[in-house]
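Here the structure comes first, spelled out in structure tokens, and everything after it is commentary.
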Amino acid sequence: MSDVADWWTTEIIDMQPGKIHFRGRPIEDLIGNVTFPQMVWLMTRGDLPTADQAKLLEAALVAAVDHGPQAPSIAAARMAVTCGLSLNGAMANAVNMLDDIHGGAGEQAVMLYHEIDRAVDAGETLEAATAAAIRTFRAEKGKYIPGFGHRFHKPVDPRSPRLLALVDAAAETGTVSGRFAAIGRAIAAHLEAARGKPVPMNIDGATAVIYAELGFAPPLARGLFCLSRSVGALAHGWEQMQQGGRNKGPTPPHYRWTYKGPDPMS
Amino acid sequence: MSDVADWWTTEIIDMQPGKIHFRGRPIEDLIGNVTFPQMVWLMTRGDLPTADQAKLLEAALVAAVDHGPQAPSIAAARMAVTCGLSLNGAMANAVNMLDDIHGGAGEQAVMLYHEIDRAVDAGETLEAATAAAIRTFRAEKGKYIPGFGHRFHKPVDPRSPRLLALVDAAAETGTVSGRFAAIGRAIAAHLEAARGKPVPMNIDGATAVIYAELGFAPPLARGLFCLSRSVGALAHGWEQMQQGGRNKGPTPPHYRWTYKGPDPMS
Amino acid sequence: MSDVADWWTTEIIDMQPGKIHFRGRPIEDLIGNVTFPQMVWLMTRGDLPTADQAKLLEAALVAAVDHGPQAPSIAAARMAVTCGLSLNGAMANAVNMLDDIHGGAGEQAVMLYHEIDRAVDAGETLEAATAAAIRTFRAEKGKYIPGFGHRFHKPVDPRSPRLLALVDAAAETGTVSGRFAAIGRAIAAHLEAARGKPVPMNIDGATAVIYAELGFAPPLARGLFCLSRSVGALAHGWEQMQQGGRNKGPTPPHYRWTYKGPDPMS
Amino acid sequence: MSDVADWWTTEIIDMQPGKIHFRGRPIEDLIGNVTFPQMVWLMTRGDLPTADQAKLLEAALVAAVDHGPQAPSIAAARMAVTCGLSLNGAMANAVNMLDDIHGGAGEQAVMLYHEIDRAVDAGETLEAATAAAIRTFRAEKGKYIPGFGHRFHKPVDPRSPRLLALVDAAAETGTVSGRFAAIGRAIAAHLEAARGKPVPMNIDGATAVIYAELGFAPPLARGLFCLSRSVGALAHGWEQMQQGGRNKGPTPPHYRWTYKGPDPMS
């Protein structure tokens, strides 16, 4: 029996009939005593955060719940409901969309921040470390610096300054170090100087500052965004369910698409 | 342009460049000022709950995050990571699993509670209404009464009494009416009398009591469970990512399965 | 070890190191000797079809591969690629969309055909059986008769008459009985008489005729449609991958959606 | 209207009411006249293959349909059905699993073959090009050479020699060049020499030879595998549906998993 039971091993949950422990804590002690963000932290990291840490995490989770029916994630949830899926299917289709491009910017931003942080730790100036990291990123991964600039929210994404203000406040009380907020601002400053116009931190860059400040590993930045956006998928899926509609594609059907293929062959 | 913009309509989010409002509230006013459960409520229902309502919702969300790697949802998340998926894909595969059987019991329980509640409102006794609703359910939908009994947690699921105690406390302060807790207990009593042994309320039955008390529509019971279980999928997916492992199936490969098909034909 | 190996049992595949048998047949005997539709039949039903049966199945599989980027399935595949998913994720999101409304019409049509077929078997006329089945369907499930009428292809879906012609030819040679084609036509005739205008069989109705004629169970009609549409999801996902594009929502972003929620609160 | 219609552009499908053309060909001319593999080719590449090309593609599609309930893809499909999902959801969960590790080996193998082919084209010997490509792959991507070796099928995967024999036959008739079969064999020879024991081509390596010979781009090797494996997901999902079972996790529930976390805290 042991090799079967050993096939999946976990430090997260211990279970016997009538007993469920998470990270060594009985579930009945957690229910009603920890907040949802504290539970998220406990589950993903093994310990409980302070109330202040949890509040900062909570702010990030609240900030990214939704960006409207034009976001592929939300569009997928709404379409799914008109195809007959229940809310689990609608949420699954939405969350699956949050891959490297739609959901990975936060993860990539945390990695970029870490790289700059290590260089600063090793003695470089923040400006030099930032410039070097951006150069490397562009050489290896592409022109878009994850977490900065927004094709829609100009001049600024309203979520970012609010989130940064919360980080600054948390830095003042010692809840976080504030060094990743400084790194994020250094990136924005570098990009603005290079382009001659503001390239402000967007929601991914700002939540990445929080996740980095709180010590979450890069892949968790993506995972936490998925959790946050699940709320929007749930809300929009449910609203669509109440509205009805059948097999709704992207636009009213008569718009269709542009065909650029060969002429008819027969 | 109007028929395109009219194709998707929503009461949830209003957006302009630099502006994001949810249910009429600027996102910058929500970030840092509402809890995650309050945001979930606002998004799905349009108004903000009281702090006490939000805490009861939070308890339900905390309670159902995980049931271990043997739950199909969590198994899917862990397997997904060993197949190369990122956390969005792992969470999507997990949440998709939460269909009628794995994730629908809470929704069905709320519907059952509502049916009993309506009958009581119409003048039946709680016992008679409960007996009738169970009889109807079995005739139309099958033998398992959603939200009651557990194949694993015997004698009792440790989450249920804790959740019910919170409901009772909330009923005492007038946060909720307490009538759905009474309905849930009436179902358990009815089932126990019929079987001659306890058939206690399980996690789905107990969270359904909370969702019904708080006024969530039945499909939202499923959706909220999906949101809650997403935390477990995230935590287990991330743990599996750190453990490594490639293409992990259900058991060590040498166990395989039982073949009951035809003999070899050549 | 036995209860582990017994947990999953199958008549489909027998495997040992160096040996893979499907339904009792060595894979090396199948590769190069059976067509893909024959393999689909073998896997789902346990025996090999005749060449003529397989060709009729193949016609149905070819017919439903794609309905353009406005179909939610295809839209999901294309959006997915712009979100960073690989083709597996794009295809998964597309196929997941094929639920009761987008992908279930064929399954429901086969069920409806079976009901009429049983009534005819029991001695009713085709017309009476058809009228009764439609009446029952509308009373229990809704106004749309699955497989008939099309909001877009007017006057007629070009796939349906072609598929029916193949069924007729197969009926002449005795490959199929032709009675489900007759049932399908009886439904169309009944609907036309009732509405005073043609309500022709659509792709779901026509492929359902083929699946019923070939003896596929109703859920397989949905499954085979999923398999067929996977080709379109693959082709469109791949085309989108070559085109590029990032986070493409349903329309150009400036169209957004119509907001009907409350006025700003602060 | 034009920017809406231009948002999605395609060379695949042209549609008007009553008209559906794929790559310039009316659907009614394709149904009954092209095989399913020919349709797959037409959809993904824009032209129709010869009958011999289509047969080679068909052999690859037949070969990879299933690897049993221990494969994460098939396990996901079977679990999904026990969670209440329909076949579309079961197939979606299965196909989503086919990411880099579970489904990407064929794609990676085609890329590796292409790299060797380019080096040979540029004048290197096959042996030198092979050794260099393997060295580069290991330095950049990891120790597992995609498409070679199998943890289960020892000494040899029965599908690979059969597929290679079909490639050899096709090379003799000029249907394909045979140079990717030579490359695949060169890799196997190199690995065997290095390890001192056979590291035979597996199903991914063998189908990759076929896809490369037929001119499919690397991502299509993954996509075609997804299409092929969809058949197994469909068959196993359907079999599980007939078997019943509720919420089936990886093993009988009493096995659970190994807990390695902290001791109980209260």
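Chains: A, B, C and D, in written order; residue numbering restarts at 1 for each.
The working rule: a contact is a pair of C-beta atoms (placed from the backbone, for glycine too) under 8 Å apart; a residue touches a chain by one contact, two chains touch by 3 or more.
Predicted, not measured: the structure shown is a model, and the values here were computed from it.
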item	value
Selected interface, C-D versus B-C, where C-beta contact pairs are more numerous	C-D
Most distant chain from chain D by Cα centroid	B
Distance from chain D to chain B - Cα centre to Cα centre, in angstrom	36
Gap in Å, rounded to a whole number, between the CA centres of chain C and chain B	31
Centroid spacing, where centroids are CA-atom means, of chain C and chain D in whole angstrom	23
Per-residue overlap in chain A, given as positions that touch at least 2 other chains	4, 7-13, 15, 26, 68-70, 75, 85, 89, 92-93, 96-100, 103-104, 152, 248, 250-251, 255-257
List of chain C residues in touch with chain D within their complex	3-4, 7-13, 15, 17-20, 22, 26-28, 30-32, 34-37, 39-40, 43-44, 55, 58-59, 61-63, 65-70, 75, 78, 86-89, 91-93, 95-100, 103-104, 152-159, 161-163, 166, 217, 219-220, 222-224, 226-227, 230-232, 234-239, 241, 243, 248, 250-252, 255
Touching residues on chain C, where the partner in the complex is chain A	4, 68-73, 75-76, 79-80, 82-85, 89, 92-93, 96-104, 151-152, 246-251, 253, 255-257
Contacting residues of chain A [partner chain D, same complex]	1, 4-15, 21, 23-26, 29, 46, 85, 89, 96, 250-251, 255-266
